[in-house]
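Okay, so chain A shows up in both of these, paired with chain B first and chain C after.
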Partner chain A sequence: MTGSVPFLKRAVLPLAAVAVVVLILAPLRLNGYAINLLYVTVLSIALAYGWNIISGYAGYFSFGQIAFFGVGSYATALIVVNWHWYWMAAALAGGVLALLLAIPLGYVMLRLRGPFFAMGMFGMAQMVRVLVTAIPATGSGSGLFLPPGSGITEVYYWTLAICVGAIGLTVWIDRSAFGLRLQALREDEQVAATLGVETTRAKITAFGLSALIPGLLGGGYALYLTYIEPDAVFSSRLDLQSIVMAILGGLGTVWGPLIGGLVMTQISEALWARFPQIYLMIFGGLLVVLLIALPRGIVPAFAARFARRSGT
Partner chain B sequence: MILLQLAINGVLLGGVLALSALGFNIVFGVMRVVNLAHGDFVVLAAVFAAFGFAQFGINPLLLLPLTIVAGFAAGALVHYALLRRLPGEVASAEASSLTLTFGLSYFLTGAGLATFGGRFVSVPYLTGAFRIGEVSVPQARLLAFVVAVVLSLGFALLLRSTALGRAIRATSQNLDGALACGVDVDRVRTLAFAIGTPVATAAGTLMSFLYNLNAQQGVLFTVNAFAVVVIGGLGNYTGAVLGALILGLTESFASYFMGATLAEAAPYLLFILVLLFVPGGLRGRRAA
Partner chain C sequence: MTEPLLVVEGVSVAFGGVQALGDVSLEVREGEIFALIGPNGAGKTTLFNVISGVLRPDSGDVRFAGRSIVGWAPHRIARAGIARTYQIVRPFGRLSVVDNVAVGALVHARTIGQARNDARDVVAFVGLGAYADRPASSLTLTQRKRLEVARALALRPKLLLLDEVMAGLTPTEMDGMAEFVQHLSERGIAAVAGIEHVMRLVMRISHRIVVLDAGRRIAEGDPAAIQTDPAVIEAYLGAPLAGA
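Moving on to the complex of A and B:
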């Protein structure tokens, strides 16, 4: 999509470099509240990028990627508490575990399509949550305490690194043959298969990547909360928020989740501060209005307008 | 005896679930829209009924006509003003209707919380039970079941024997065919949404006898309705009744034998298994 905006295309790399440097230096200057807000923003954007691969590029709309976030959180917490690993190593292990789970799960679930896949994944996430609650080692739903020590700054850098990695991965997917395969099966899976795309392998790879990213992020979130319980890490609110960000920005675009995420967190923060009573109402209503005004998302709408004006 | 008791509880719950799912099914069948705000209409009606009972002592059954009319108006408005304006030919049409109803769901939850507060409420109405031997039949559940069955039959009659009902069924079976036969599909869609919503609000009024609810519990009923419809076969109205009974029985037995926590997972497991192994639902055509 950025291809149709040549000016922006040239500006992307320098802009990105400046943004990353600013974000790396930010914790030195910010107070506790601001860095918390920044962490949550980067976290939701990274989650939105994770979701965008399977749902935006491959067209498999999932309501259950938060399951992998929860698995990553719990794996990290258990490893840190029982084996005393350094938390980033544990979070990495959590991400790998999420990926390993996603492969057989994807093999089964990706046979479903459309709303069936969406709600099937929702059910799957609920089942994983209930199972975690039922296992005694996880504190059976009453939660787990993590040893204090690692501050918000460490968690923030971990999350920022994954977010940048997820954006880089998306840029690569958007230009690669793999990305073309995903888009082909999004438009018409049978035709894609006829043309020689190994649809099952492509789908499962995309699903795995969309599980790895939340899996890696989950560990940081566990450290951030220092106390985790199933409802906090299998948070349907976090899940849905990241989905809305990706759609609002532009489904299956490189910059959609970033733009959507920035717009959403700003709106949501401003509303929360001013109208806590009717925050949910305004938020929901705004989403509906934005969707009708920009059905394909902010990035495609902007790109189309720019292309029209410059006559290309 | 306990088995019989569990079966009775399950069937009574199934009746109300069937009514709720009927509304969801009409909307999905005609428009291929998974209405994520379905459960919020159910819950809002339930909380409204509890509020009316607690504040003014109004019998919830007297509120039924009001909730049905209000649901019809709200449904017509939502489709006419919002859903209809989504472009249909965009590749992400499915995604945008999901997102739109998701936003609507937040809106309704927020409106419910702002109006009625976050306390869990229910209607303590007909709290007694009929005893037959060792089995007891809770009166409120029985009443909810009977009203749900009557309303479901009413809607079934509407779908079966009126011109509008035929147009609705034609549109859900074959869009192009319906268009070719001169069905005003746009109007049918608005009316289908306008009929699906009062079914949800009527079910919600009855749910206020069975559950302690606040405005945030909507997602529970959206998922229930989806599960029922998937089990029974999409767009298949008799199949949905079967699905509702199976789901009601599963919830009843699972919560007794597996404990409340694990039982929460039972409906999800059930509908994932059905999706994977009986993709068209138990009585449906193959899923499109």
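Moving on to the complex of A and C:
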């Protein structure tokens, strides 16, 4: 017994507190490029946390959570442009709208399983995107300008707060009865049901939370871009990036999306600085190697090593 | 006279053109050990699926503690007091043994901590105490069978549906399982055990037996009556030779 795991557990809270303070003070010292990079990193990690609830904990692989990000973006833009709300209030409304939309959608979509759910969500995201752009007020395909004024710093703090909230939510889920029910239905839905788990309700709750987070983040992104159009906010690149982060870090783990996100951004930045022409190729190759070496992700691989060392 | 704990009345299920269950009826009383025997494909698992709410019957009624439970969602039936195990063991592989059992214990516990405590007791009760914190995927087949039973017991059921609990066990382990079921019966938990073979044990511990063959009930009675029933002998051993 080396006690490494209890030590790590005790170290988490102080470490987290220091990290949050550093992240809060960061904009004071960073240049424009660095703060943009920091914003996009925190955004992707927060998106990965949102995705991890329905796909990591409940085991429903979604390729459509970005739809809720797009809905949040457009809702915020429309409210700010037409009703002149303060943008954070509008972004909050965007998040609530995404949540309300997710409940009936989840009721229908979560009847599908495995690859059918994954494909269904992909199609659903396209449908939402077309519907949103069909509303004349969104400027259809040509996009929507937002009034300038709110700087990147405000957007960054909003996103950081949601990211911290999403991590806190995940910590709670991981320890709660709700989380145990989700993991049980991920492993075997029928057995979970015959053991008294109300699977439909648990799934829809998870789906709603996995929509609320991107919904809240979307408003910040609209402000960050100051001009939004469908391709920018229903971004499959952002969607895929956050999914890869969560998988690389460890599906259905508390720290997976964070570790996966940090590792990915660090590698990507280092490669980009040195091999600007071919960095994506090297990055892709590295990702393949990492996933082959650690098929369950970084966090489970290290957890297993610590458990072995401490002799449990 | 009150109604028996479980009443199955004229239940029929067809899969396409195959009649999996045809007009099957049976009654199980509180604390009774009830054996459901029949060759492979007789409809035992189908009947368990109907009772546990996984499958809706085409016709017929299932009543538990006086209320019809046809059309109830499986979780509601589980909470009402019917627990089941699966013929092919289905542990939540990535969860620990305790957490596997805690899922069922959540039905009665107020907090997850309490559910885990209750689960530890049940895990120790079925003899898996030493493996409580291991992932369920690391258990052997015999241990997984016990885990199935432990998960079901954590629901504190009045009725336990045991689908082929004896399959894959050694004779000694079968005796252990039989003793265990008798012990539960003494505590007032009724058990319906679906069993293909192992007649020696069935005859020893069952209070009553129903024999299914090709989805139909061909006999019912106590062990002594079943052993001499010509229909049962025919189902298991084939028709007597002409003129023999």
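Keep in mind that, in the parts below, the second predicted complex is superposed on the first by the 307 of 312 C-alpha atoms of A that agree within 3 Å, B and C clash if a C-alpha of one lies under 4 Å from a C-alpha of the other, contacts with A are read in each partner's own complex, and residues count from 1 in each chain.
Quick note on the criterion: a residue touches a chain if its C-beta (ideal position, glycine included) is under 8 Å from a C-beta of that chain, and two chains touch if they have at least 3 such contacts.
This is a predicted model, so every value here is computed, not measured.
In the superposed pair of complexes, A:187 makes contact with chain B and with chain C alike. In the overlay built on the shared chain, the residue A:36 is in contact with neither chain B nor chain C. Touch criterion not met for A:226: it reaches neither chain B nor chain C.
Of the two partner chains placed by the overlay, only chain C lies in contact with A:175; chain B stays clear of it.
With both structures placed on the common chain, the touch criterion links A:235 to neither chain B nor chain C. By the touch criterion stated above, A:195 is placed in contact with chain C alone, chain B being left untouched. Residues 187 of chain A lie in contact with chain B in one complex and with chain C in the other. Taken together, the chain B residues at the contact with chain A in this complex read 28, 34, 82, 85-87, 90-92, 94-96, 98-100, 102-111, 113-114, 219, 223, 226-227, 230, 261-262, 264-265, 267-269, 271-272, 275-276, 279, 287.
Put simply, chain A touches chain C in their complex at residues 175-177, 180-181, 183-184, 187-188, 190-199, 312.
Considering their complex, residues 55, 59, 61, 108, 111-116, 118-120, 122-124, 126-127, 130-131, 133-134, 141, 186-187, 236, 240, 243-244, 247, 251-252, 277-288, 291-292, 295-296 of chain A touch chain B. Chain contact summary for the complex, chain C toward chain A: residues 52-54, 73-75, 77-79, 83-84, 86, 90-95, 99, 102-104, 106-107, 111-112, 115, 133, 151-152, 154-155.
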